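Have a look at these structures, which come just after this line.
Each of the two complexes below includes chain A, the first together with chain B, the second together with chain C.
Entry: the complex of A and B
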């Protein structure tokens, strides 16, 4: 998985699996330092996510919730979109097309 | 058919009379006698035709009755089969609605709903498991960081202890050099050295414990990593596939339901039609009675003709004796017949003078259309 910080959040690309847990946590810690009320995670270039990746997104959601901030997932596609649909992620996150 | 045939016979061209004409006579009496002879010849032939027709009608009626009975039997068996078929198709309705489980029919849509709920629950638990696993991975990482820090502290403590021990040793040396004056200092140096030794032993013990904790954390991380790296995404996607399968199963169930409903309806129509046909065939009896009336009427006409013929012959002696039929006229009549077996019977009875068989017990195959010739096959 690769990520690049932008103005309103971060853009993630590649494949998001268990092996990315350390870098993902670092990325979330950095985003939590940012003071904006809403952070957008652009998933348009993310090709694959496994169950560990879904678990990490849920932990990130909790962390943002504790900080009274909102995590928005944007433009999931392909396998990622199917996984979001099957796990009803749209009821847990704010998911934008 | 008989009516049609009769009309056709009535339409026969009026040809010359059916008897040889006598030599023209000069007086009117001879002409009248000749005319009467023609009438008598025609009456003879009409009688033969009537008798043959009566025979034909009786035999045909018997044949129709036999065939109708056989047909009625077949239709009754067909009605029974149709009824059984309807019952079987109706039982299919039961199967199309759902699956029988422990004596209870569970509808397909309810099965789909149950499976969907179960799968949803499984997916939710997979998510929770993944989240908790990753939370533990993070916690163990934090713990490992702390353990590394403690390990570093232990190393610093060990260094301090070595320095303290060295200082105590130096203090002991200096106390020995001072002699009596350093006696008290010697005691303090000894105490410090023993304290350092105890601290060192405690430090070694703590290091051992810490090593055990570190090994435990490492082992836990390895185990957790094996759990967390099990990708459950395929299991989640299985829900997608199962939902597609369930939707297809429900569609098939609905289609099957519709087809079975149509089949039940059509089976009912077939049963009703067959019953109606059986009832219709039973009206053959009425047809038989009508034909019997026709035969009876023809018989009366025949008798009347015979009586008139006898009384006429009694009053006109010239009419006594054999009157030759007009063979050509009869042949022209028989040429109109399309059925060869019927024609053969008429030839035998009209031209060859055989008596018609009035028995209704004629075998059906003797009346049935022959297998040769396009006309007989209809």
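Entry: the complex of A and C
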């Protein structure tokens, strides 16, 4: 998994799997330092996600929720979008096309 | 040599150096087959499931949404075998953001132990003109087959940060069977 910080959040690309927990944690820690009310994760370039990746997104949602901030997932496509549909993630998150 | 190169046709068996003689051979009548035997350490550090799928695709046609379904299922099965079968990782470590660092350190610690790092993960693909089966085997103690949810059954872990892997498996495969006392899982796909 690779990520790049932007003005309103972060763009994630590559493959987000069970080996990415340490890098994901450090990415979220950095985003939590920012004080904006909403954080966007742009998933447009993310090619693959597994159930551990989905689980980490849920942990991030809860962490931002505790800080009274909203996590928005943007532009999932391909296998990632299908995983969101399969696990009904679109009912657990704010997902934008 | 990369794993992709090592799995290139006409290879039918690829065994990591140091694990020679530990491949479980099947006797199924099939059109084609491919086997990969790697250590836990290698399977954790490299995307072996995706490379294995690419190697299957060089040998038989994978059409439509099958690529994503097989890739998703093999990834879940390999992850399950690694984390729970060989590394004995407690899923509670994945229940909090703070737990992720602890999880990372725990896995790194386990992978430093030669007896754990060299435990095997075996992937076998067997295909006919109609079906493809992928079998993922680990070195763990296994788990009861009734842990596998039925297709369409509501996912009890839907809103939790871990535990949805087996539900995903039943949703994306045409057939799933827990075999060999839970030390292996067989994933079936109609071609």
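The rule is short, and it goes like this: the second predicted complex is superposed on the first by the 97 of 97 C-alpha atoms of A that agree within 3 Å, B and C clash if a C-alpha of one lies under 4 Å from a C-alpha of the other, contacts with A are read in each partner's own complex, and residues count from 1 in each chain.
Here is the rule we go by: contacts are C-beta pairs under 8 Å (C-beta built on N, C-alpha and C of every residue); 3 or more make two chains touch, one makes a residue touch a chain.
In this text, all values refer to a predicted model and were calculated from it rather than measured experimentally.
Aligning the two structures on chain A places chain B and chain C in a clash. Once the two complexes are overlaid on the shared chain, A:83 sits against chain B and chain C alike. Of the two partners chain B and chain C, more residues of chain A are touched by C. When the shared chain is aligned, chain B and chain C each come close enough to touch A:50. Of the two partner chains, neither chain B nor chain C is touched by A:65. When the two structures are aligned on the shared chain, A:6 is found in touch with neither chain B nor chain C. Applying the stated contact rule after C-alpha superposition, one finds that A:22 touches each of chain B and chain C. In summary, superposing the two complexes on chain A brings one listed stretch of chain C into steric overlap with chain B, and the stretch in question is 76-84; the others among 40-48, 76-84, 112-120 or 130-138 show no clashing C-alpha atoms. In the superposition on the C-alpha atoms of chain A, the part of chain A touched by chain B in one complex and by chain C in the other spans residues 17-19, 21-22, 25, 50-52, 54-56, 58-59, 79, 82-83, 86-88. Residues 15, 17-19, 21-22, 24-25, 28, 48, 50-52, 54-56, 58-60, 62-63, 78-79, 82-83, 86-88, 92 of chain A are the ones that touch chain C when the two sit in their complex. Residue ranges of chain A in contact with chain B, taken from their complex: 17-19, 21-22, 25, 49-52, 54-56, 58-59, 79, 82-83, 85-88. Across the complex, chain C meets chain A through its residues 44-45, 47, 50, 65, 68, 71-72, 75-76, 79, 82-83, 94, 96-97, 100-101, 103-104, 155, 158-162, 164-165, 167-168, 171-172. The residues of chain B lying in touch with chain A in their complex are 120, 123-124, 126-127, 129-135, 137-138, 141, 225, 228-233, 235-237, 239-240.
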